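Shared chain: chain A. Partners: chain B in the first complex, chain C in the second.
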Partner chain A sequence: MMLLAFNSFLVAMLSVPIVTLISHRWRKGRALPAALLMGSLVVGTAVAAVGFWRGQRFQVDISQVASFSFALSMDRLSAFFLLLICSVSLPVILFSSSYIPRHYSGARRHWLWVLLPLFLTSMVLVVTSSTPFAFLFGWELMTLFSAGLIVIDGDSKQRRHNIFIYLVMMHAGAAAVIGAFLLFLPHASNFAQMRDSAALMSPLLRTAVFLLAFAGFGTKAGIVPLHLWLPRAHPIAPSPVSALMSGVMLKTAVYGLVRFAFDFLGSGPSWWGYLVLFAGAVSGLLGVLYAIGEHDLKRLLAYHSVENIGIIYLGLGSALVFTANHSSVWAALALTAALLHCLNHAIFKSLLFLGAGAISDAAHTLDLEELGGLQKRMPLTGTVFLIACCSIVGLPLFNGFVSEWLTFRSFLAGSEMTNLSAAIVLPLAAGVLALIGGLAAACFAKVYGVGFLGRPRSGEAGRANEVSLPMQAGMGALATACVVIGIFPGLVLRSLGALTEELLPGAALPPEATSLTVVLPWIALFVLVLVGGFAGFKRAKKLTATWACGLPGLDERMQYTSPAFSKPLRKVFSRVYRAERTLEVVPGDPPYFPVSISYRSVRTTSFEKFLYRPGVDAIVTAALRLRRLQTGNIQIYLLYIFAALIALLMFMRWA
Partner chain B sequence: MTLMTNVLQVLLLILLAPLVRGVISRIKARIQNRRGASVWRPYADVLKLFRKQDLVPASASFVFRLAPMVVFTTTLVVAAFVPLLHGSALLGVTGDFVLLVYLLALGRFFLMLGAMDGGSSFGGMGASREALVSTLAEAPFLLALMSVAIAAHTASIAGMVQWTMGQNFFQFSAVYALAFAALVLVAIAETGRIPVDNPTTHLELTMIHEAMVLEYSGPSLALIEWASAIKLTVVMALLIALFVPWGMASSVSALALGVASLVMLLKIAALVLALALVECSVAKLRMYLVPDFLGVASALAILAVVFTALMR
Partner chain C sequence: MGLFETAAAKALASSGVFLFMTVLLIAAAKRISTCIALFSVQSLIITAQIIAVSRMHHSTEGFVIAGLVLSVKVIAIPYVLYRIVEELKAPRDVSSSTSSSQSVFIAAGLILLSFFAVRPYVGVLGGDQAMLAAAVALVLTGGFLMVSRKKALMQVVGLLVLDNGIFLAALTTTFGMPLVIEIGIVFDLLMGVFLMGLFVFRIRDTFDHLDVSKLRRLRG
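Right after this comes the complex of A and B.
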């Protein structure tokens, strides 16, 4: 039954592009691709939900009929990530069903409907594959289809450059992932074999596998300093695609790391854990600090993806430290925290990107300086955006808090370790997480306060209207999920506990994890009753003008701007930003009244300057040197072939 | 009976909070050689404000009026975490220190949004400064509480208090002094007192908290004022409960609770006096010195965690 449903889900997904190409001439068929895609996603969600909650497994193996080993299977881990992909994409597609026709026409629209299902299918392939071939096949397609989706949104030199960086980094990462798989040879035909052979590997080889997987999946996840592509590629995609890339695609990298580190390798030395923990702390802090310095909404959100991947890595790192110290109960808690944060981030980050799409739809800009006052003009979009902001900041009663709370609790549990370094490092990591949380709160107070509150800062923002109904419904569904998981985390926690039990033998979610599920509904009820009571209590209300020190003429330019809001924090953390400022003053006749003043502040992250630039320069120099080999003279090429032949023959003779 | 005492504790914290504020300003006035207003003045203020109209800027959205309610409600929930008269609280067992810190953050986040909804530069200025202070205060706050949690082997506030009550005062770990010092610095920043912020300032350019609530009036302002009074009292009660809980009732009987109330009143009076003395003798810090102030708190909190882990 499950197998049938899963197969029909795949077939339905793959049929959407064909249906799009057939139906686009037929006027009434315009809504068909979206409807078909949503229908198949509903089936996919149902399959994944049954697999996740009931723990049913099944396998689709076409290795017998094909010449390569290609098999899909589902265990709880796959089911969880499949659930994440399908359930989050469903509202995103609902949003797109109205967003895409409004913004794209003709061939571009058809290409979107062709590539979107293919992109989703490639992600499904990645998380359900049970052979390296199938995994890498999906992994590669995922990169290519997402790049294709970015290309649709327009063409310029800058965009091509960004897409180029995206592709180069993705392939460098894919090379590392392929390397990690190759190290399992000759026992690498399917995952079960790899699991068995990993136990027999030498410690050195295991470390090599881990490091390659860490680097390869880290590139996809966007950990600092491999994050360079993320703030370039995500903002230039169409908003629903950004939502899928940031919310869903990054999680496949977390899936890969969990599969390698916990499923294949099982456990390792504790420095693996410290490495992941450190990567998470650096990504989290730098991600949110860079985000604070941005005022383009989508770039800002992209940097927040780096931050949240950092939080997920903090959980994963502490889980690895616990497994290394043979404390699988606490490892289960930390791993649960990381996985739950994957789901939570998928939900609220998709919602934020959809919100950005709704803003650009209504106000035609994503520059925070041009927005303002949108809450009154777009009540639903504003409210769901507020919910998403509270979730990403990790405030209680919203979903982000639950996973951050679990991470905090796992850090506290670290103090119970007999290993002294774990007992000191893990509790201190809580300080880092608290700082990240505080910075995120400042950043989203800025985003929501400048973007949605106060007065509109431009005419476009003042004329904004609420977006169409399907777009509202898509965002509303995601916002509901934020609140439901935030108040009743028990719904997912129990099954996640079962999932971690599968991954970490002998582990059960400790009872501490459930104390939150008891107290949160009561707090929610109390807050609801009290706030409802206050709101219901009729208070005389009078509209007035904003206080302007008794002077007339307060206008929207006098409001605090986004750079002004973040200035104190940027000043305190100025060593992170290293802005290059140039001030040019052209003096006038009396030197006190300059003719013109121009000020420029450019922030290039130190990574580009000190880490990537030398590497890129070295590669380019080497390539130029090697160009001398390419003379264009056919005799020389024949000589190369001859020399290669001789070398191979000699190799065969002595090897 | 325990449940009733727990409810009584929350009610005491809520109802006595304005009095604590009144006493502080009265003592400050005496130190500064003024007569000062009656200690009951904060009650009169809140009552007066509740009877007034709510003035809302024309540009503001529903967030403007929602924010004070959220601030007030979250402060009430936090009040239910802290043991006052005996070693237990309404949410003391299930409510842990992470939830406490983040509930306060929830209220603050909404207050910042409410400030920005007014559409004037003062609100944005206050919110921006509050963002700076609260961001840097969050990590030391959490770490200092964590060091106590590590020592007590529990995350719940009531559990920590019961553990401390079981300790002998004279065998008390000196490491605790670090956590206490860090928490005191954080508490000053968190409740917006001198030297971080001046609650009685009249100059918009130096305001933090007051700039945020500049646009509020009537019942909304009453909620904010009352909430900040409760927050001050709750933070004081938290400091007492975590570090000097001796004297709290070990059994729930009328006599023990009566004695515990007297002891608690004395402790709070001592803290109030100390606060008033500090506020009269120290000047407010320049805003860009506040990060250094909180940096000291962070360093103390980190040391507290490291030493607690080492001594365990």
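Right after this comes the complex of A and C.
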């Protein structure tokens, strides 16, 4: 039954592109691809939900037919990530069903409907594969299809440059992932074999596997300093695609790391954990700090993806540290927190990107300096955006709180460890997480305050209207999920507990996790009663104009701007930004009245300057030298082949 | 053992030597038409080997392949190449970058190298050492011809010699490939020669010469 449903899900997904190409001439068939895609995602969600909650397993093996080892299978871990992919992309596609026809026409629209299902299918392939070949097949396609989706929005020189960086870094990451799989040779025909052979590997080889997987999946996840592509590639995609890339695609990298670190390798020395913990702390801090400095909404959100991946890595790292110290109960808590944060981030980050799409749909800009006052003009979008903001900064009763609180709890438990380094490092990480949370709160206060409150800063923002119904429905569904998980985390936590018990033998969720599921609904009820009471209590209202410091009236230029709001924080962390400021003053005749003043502040990305530039320069120099090999003479090329042939013969004879 | 079987065994034993002679002669040849003739002779020797092998193994398939090779490699391709040489009305020397005597020495060196290279595999793969060495030598000489001769037609001849070598290797180690594959390869080769013939004419018409060493504008 499950198998049949899963197969029909895959077939339905793959049929969407064909249906798109057939139906596009037929006027009534315009809605068909979206409907079919949503239908198949519903089936996929159902399969994943049954697999996740009941723990059912099944396998699709076509190795016999295909003559290479290609098999898909589902265990609880796969089911969880499949659930994440399908259930989050369902509202995103609902949103797109109205967003895409409004913004794209002709060939570009067809391409979107062709590539979207293929992109989703490639992610499904990644999380359900049970052979390295199937995994890498899906992994590569995922990169290519997402790059294709970015190209749909145009291919100006700047965009091409960004896509190029995206592809180069993804291929470098994929090379590391392939390397990690190759180290399992000759026992690498499927995941079960790899699991068994990992136990027999030498410690050095295990470390090599772990480091390759860490680097490879880290590139895809966008941990600092491998995050360079993320703020370039995500903002330039169509908004629903950004939602899928940031919300869903990044999680496949987390899946890969969990698969390698917990499923294949089991446990390792505790420095693996410290490495992941450090990467998470750096990514989280720098991600949120860079986000504060951004004024383009989608770039800002992309940097927040770096931050949230950092939080997930903090959880994974502490789980690894606990496992290395044989404290599997706390390891289970940390791992559960990390996985739950994957789901939560997928939900609220997709919602935020869809909100950005709705804003650009209504106000035709994503520059915070030109927005403002949108809450009154787009009440539903504003409300769901506020819910997403509350979730991402981890306020209680929203889903981000649950996972971040569990992560905190696992860090604080670290102080009870007998191992001294763990007892020192883990509570320190709690401090880092708290700082990240506070900075994120500041950042989203800025986003919501500047974007949705106050007065519109441009005519476009003033003329904004609420978006269409399917778009509202898509965002509403995600916002509901934020609140439901925030109040009833037990829905997911119990099955996640079962999942971590499968990954970490001998573990069980500590009572801290279950107590949360009991307390939160009561708190919600209390808050509801309190709010209801206040709303019922009628107060005398008196409307007056806002005091304008004695000026005749207020105008929108008097409002707090986004840079002004973030200035104090940027001042405190000025060492991180290293802004290059240039101030040019052309003095006038009386020096007190200059003719013009121009001010320019460029934030240098020190990673680009100090980490990537030397490497790139070395490669370009080497390529220019190697270019001499390319004489253009056909006989020289033949000579190369001939020489290689003779060298190989010699080698085989005397080696 | 009948007379025919004895003859077949003798032919097989001595054919390696004949092949080495064709290799050295092709290396020494100065005119394109001589090379084509030598290629034809070489293919004829291989045809004889196919007949001998299939006679020894009592396979009828082998005779079909022999017929194919005879008609295509011994007759059709050399004929087509001759026609091209006739109709091109271009200088007919091979314009080698190594002198005739140097080429012979290099070819001899390649033969020696192939003997060294195949020695460890004779026991594993079975088959006669001389034959296996001849196969590798044909591949290497084909490559050498393609590298050192400047005329576009000689690249075709080099490729054909190289293909003879691959064919011979398959014949000596596994007694040939399945019939379908052989037919495919032979027709592939035929089409290849036609196409390259067309290209040779295009090159001549466009650039007024056939010297591939002067075609070097396409580079990064």
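Please note the rule applied: the second predicted complex is superposed on the first by the 649 of 655 C-alpha atoms of A that agree within 3 Å, B and C clash if a C-alpha of one lies under 4 Å from a C-alpha of the other, contacts with A are read in each partner's own complex, and residues count from 1 in each chain.
FYI, contacts are C-beta pairs under 8 Å (C-beta built on N, C-alpha and C of every residue); 3 or more make two chains touch, one makes a residue touch a chain.
If you're wondering where the values come from, they're calculated on a predicted model, not measured in any experiment.
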| item | value |
| --- | --- |
| Partner chain in contact with A:S360 - chain B first, chain C second, else both or neither | neither |
| First (chain B), second (chain C), both or neither touched by A:Q59 | neither |
| Which superposed partner A:S468 touches (first chain B, second chain C, both, neither) | neither |
| Chain B versus chain C as contact partner of A:S69, first or second or both or neither | neither |
| Which of chain B and chain C A:L638 touches, first, second, both or neither | second |
| Partner chain in contact with A:T480 - chain B first, chain C second, else both or neither | neither |
| Partner chain in contact with A:R627 - chain B first, chain C second, else both or neither | second |
| Winner by number of chain A residues touched, once chain B and chain C are compared | B |
| Set of chain A residues, in rising order, touched by both chain B and chain C | none |
| Residues of chain B touching chain A in the complex | 53-63, 65-66, 69-70, 72-74, 76-77, 91, 93-96, 98-99, 101-103, 105-106, 108-109, 112-113, 115-125, 127-129, 131-132, 134-143, 146-147, 149-150, 153, 155-156, 204, 214-215, 218-219, 223, 287-288, 291, 298, 301-302, 305-306, 308-310, 312 |
| Complex interface listing, chain A residues touching chain B | 373, 375-376, 382, 386, 390, 393-397, 401, 405, 408-409, 411-412, 415-416, 420, 423-424, 427-428, 430-432, 434-435, 437-439, 441-442, 444-446, 448-450, 452-455, 512, 515-516, 518-519, 522-523, 526-527, 530-531, 534-535, 539-549, 554, 556, 558-561, 564-569, 571-572 |
| Residue ranges of chain A touching chain C (in the complex, touch as defined) | 627, 630-635, 638-639, 641-642, 645-646, 649-650, 652-653 |
| For the chain C and chain A complex, residues of the former touching the latter | 97, 113-114, 116-117, 119-120, 136, 139-140, 143-144, 146-148, 150, 155, 212-213, 215-220 |
